[in-house]
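Structure, as structure tokens:
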Amino acid sequence: MRALYVGRFQPFHNGHLEILKRILREHHELIIIVGSAQNSHTLENPFTAGERIQMITETLDEERITQRIYIIPVDDIHRHAVWVKQVESLTPAFDCVISNEPITTRLFREAGYTVRNTELLHRDEWSGTEIRKMILNNEQWESCVPPAVVRVIKEIAGVTRIQELAHSDTL
Amino acid sequence: MRALYVGRFQPFHNGHLEILKRILREHHELIIIVGSAQNSHTLENPFTAGERIQMITETLDEERITQRIYIIPVDDIHRHAVWVKQVESLTPAFDCVISNEPITTRLFREAGYTVRNTELLHRDEWSGTEIRKMILNNEQWESCVPPAVVRVIKEIAGVTRIQELAHSDTL
Amino acid sequence: MRALYVGRFQPFHNGHLEILKRILREHHELIIIVGSAQNSHTLENPFTAGERIQMITETLDEERITQRIYIIPVDDIHRHAVWVKQVESLTPAFDCVISNEPITTRLFREAGYTVRNTELLHRDEWSGTEIRKMILNNEQWESCVPPAVVRVIKEIAGVTRIQELAHSDTL
Amino acid sequence: MRALYVGRFQPFHNGHLEILKRILREHHELIIIVGSAQNSHTLENPFTAGERIQMITETLDEERITQRIYIIPVDDIHRHAVWVKQVESLTPAFDCVISNEPITTRLFREAGYTVRNTELLHRDEWSGTEIRKMILNNEQWESCVPPAVVRVIKEIAGVTRIQELAHSDTL
Amino acid sequence: MRALYVGRFQPFHNGHLEILKRILREHHELIIIVGSAQNSHTLENPFTAGERIQMITETLDEERITQRIYIIPVDDIHRHAVWVKQVESLTPAFDCVISNEPITTRLFREAGYTVRNTELLHRDEWSGTEIRKMILNNEQWESCVPPAVVRVIKEIAGVTRIQELAHSDTL
Amino acid sequence: MRALYVGRFQPFHNGHLEILKRILREHHELIIIVGSAQNSHTLENPFTAGERIQMITETLDEERITQRIYIIPVDDIHRHAVWVKQVESLTPAFDCVISNEPITTRLFREAGYTVRNTELLHRDEWSGTEIRKMILNNEQWESCVPPAVVRVIKEIAGVTRIQELAHSDTL
């Protein structure tokens, strides 16, 4: 059975990896939706979809996860009622959805899917918001994400990007 | 003379119906613009344009209003200066505009239309914001909307939708 | 049961009216989708969605058709796979679809709807393409459309529009 | 009085310059709309809006034309009925329109503007289509455009671009 | 060398003019990007791109600035990572960028451009936010902008527009 | 080194697979762009991006290709000049591009990339156009695509889809 897991992954962190491993215990195949794919270069969404896809792909290799996994970027659209269909047109068919986001949950339920929420792990550290804050303040963020993600963020000069974006607009 | 009445109708309530009846005393035909048509499935805009059009149509039947009324969904666009023209391209010609929304008012005035604001009635109860709050809290919202609207909201499981959308994002 | 009838109606003509009457013999309610709503001011699509909605509405009045009918403009979108969902978000729920257009037919079938094609009547005259050609050449087009449509086309100076649009581009 | 002159300028050529000079004899100010601004890198529309704006600006300097001239890129939009309003939102107010394109002519006339068509000069040579063909075939196109345009096309390697785009798709 | 100067210019004020003059001491040509071109008719962005372009053009004439200056409207796009390329497609090539806005700065730096921030002058008065507030409250805003800008704002009834937009939404 | 390979893959066929294997002999990692991702349900573009991604993924598994391969859907955009940047924002960084399409080739060259065209193999059979024609006419198309692609097309009822889409529009 194919499952669908939706997230923004700004950045992909240990909590995401943990959930992903649990899903793979019960599902043969997994589709990972890199949501809000159009966003990048803001404090809330610093990384491009391409960078996030690279983080996830290299982590999967590093973890020697060899199950069939699709990683697919999907833009937000301004017409929520159509979003599930947009996802369906960009993915193979799937049976169940994993998400903790209420709009996503509701939309997939109205479309007839089973949606499961996930237990959140180490929410104080394994959280995108917290990790972006740590990067901004030069704190120890590296232990909250898989080694591959540290590597990608360094490769793309992600720390500098976040810190420059934080300069207050002075125009 | 044809009048144009602009609203979001999230949901259509007694205040809207009252204004509509007053307009029909002075105008032979009416165009109702269901604005922000693209929005749905958020706490601020829970209902699709189709659901809102159904609410209005069934209410008009229930009230045995038989004058010629056009009910037309119009999306917001990110270029305000063009919005009036967008409306004009989706409707028959009209003579006057009824709205209480300042941007709408200003845009139609700059396009040369007469715009009339409406007296607001029972503003503490007959308000979309208040009614959505009552639905969320399982309070007595049914008396604030026409019976047809109660029926449509039940038919589409609208109460559940609003309450599920209110679950805080825990991802 | 609510049926959905999809067309471009450039312009609304006797063939459309005949089909519409047949549908209403079997369905209590009807949704008419004015497709390619964004198009106007070309030889292929001369009339705005608003003008086409007016043609249909005034014809229904003229024909004293009093069943509940929704007339809803829907834009084409560049992502076919999502179009049915777009329609669903702009209409009340419906049970069956009437269309003769193969993409429309296929998309609604894949979404699980019953789609019925219609017998075409007087195809040599009751055809949008033919009628636009007759208007262009000042031939007798008026007998191919309901009287209300003649009236609307005159009111909006539609004949002049089509003839001016036909001037070859000489830039 | 401010006039509006609409063209695609792929590329800007002697015919455009001649028309422009005539307009400036009768109008104090001129707005030049660089239409289909979004298009580039096709055989029909090889140059970006920025390149076309540069061609026109450098030609005006070269010709020592010092009247007040606005050069403004405007995208095509898929909703013709709204295009005039889009132009109006991107320009100062204007009184009359110069264009030879039928849709443009019709749209501005329906919006209440006086539209004047222009006599075409040396149509066999001073034509975008012909000039693009000459560039493709390494013929003498340079005499059909102002010297500044030759310079810009060289600076941006425009000849190579057009010739590479002409390679038939062999995938 | 051609420089690029990015701003929203809501409205164009003395601070902008001062920066512009400084840039022109070091650069032969200047491209002025009128950013967020799609916005108008809100308190934050009251003026259309066309109105802002007119303000700048008439000020340059008034100041007898005769260097080659391109004034080009550019819409925001929802995909930040692509915005620099959008600008490049609408302008001639440029060497350096002047901006104080952190996202703009970061995006142009990642694209390989030198970006210089500007010293801010009389920030308490020469600020779009402050000037819009003064207009709203009928205070002495005229001394904060060049005379040509006062003239344009009067010509387009800009004071009335801002004050009407401030009426609280009472629907 | 990471290579980028661009195609529409309507459907993915033996020629694509052959090219892909050759690329993998020289490159450690590969990004496959599923272009025109928004298109589906036409005779020219019958399959959704999701279906095409599934075809490619299952073929890679079947062929036991274990190198790191990214498969990323990218929409066409109406602004060619920005398309390379759009691709870059959806992928990890890459060094060289493989494509036979002239616009793609030109755009990546102008952006500074090395672009290599590929020798075409068995062009009379291993061609999307030919294969879609064979499916339409119930000819032996199965030998022109990998077994996994046959399986996916059967699973999604792709033959019926293509044949239904071919019914001439009779409205």
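Letters A, B, C, D, E and F name the chains as they come in the text, with residue numbers starting at 1 for each one.
Throughout what follows, a residue touches a chain if its C-beta (ideal position, glycine included) is under 8 Å from a C-beta of that chain, and two chains touch if they have at least 3 such contacts.
Because the structure is predicted, anything quoted here is derived from the model rather than measured.
Shared contact partners of subunit B and subunit C are A, D. Look at where the CA atoms of subunit A average out and do the same for subunit F: the two points lie 26 Å apart. If you average the Cα atoms of subunit C and of subunit E, the two centres end up 45 Å apart.
Here the spacing of subunit D and subunit F, counted between their Cα centres, is 36 Å.
The residues of subunit D that reach two or more other chains are 40, 48, 79, 81, 88-89, listed in rising order. Which chains touch which is summed up as A-B, A-C, A-E, A-F, B-C, B-D, B-E, C-D, C-F, D-E, D-F, E-F. Touching subunit F in their complex are the following residues of subunit A: 37, 40, 48-51, 53-54, 57, 61, 68, 70-73, 88-92. On the side of subunit D, the complex with subunit B involves touching residues 79, 81-82, 84-86, 88-89.
Remark: subunit A residues 38-42, 48, 161, 164-171 touch subunit E in the complex. Within the complex formed with subunit E, the subunit B residues making contact are 7, 78-81, 99-103, 105-107, 109-110, 117, 120.
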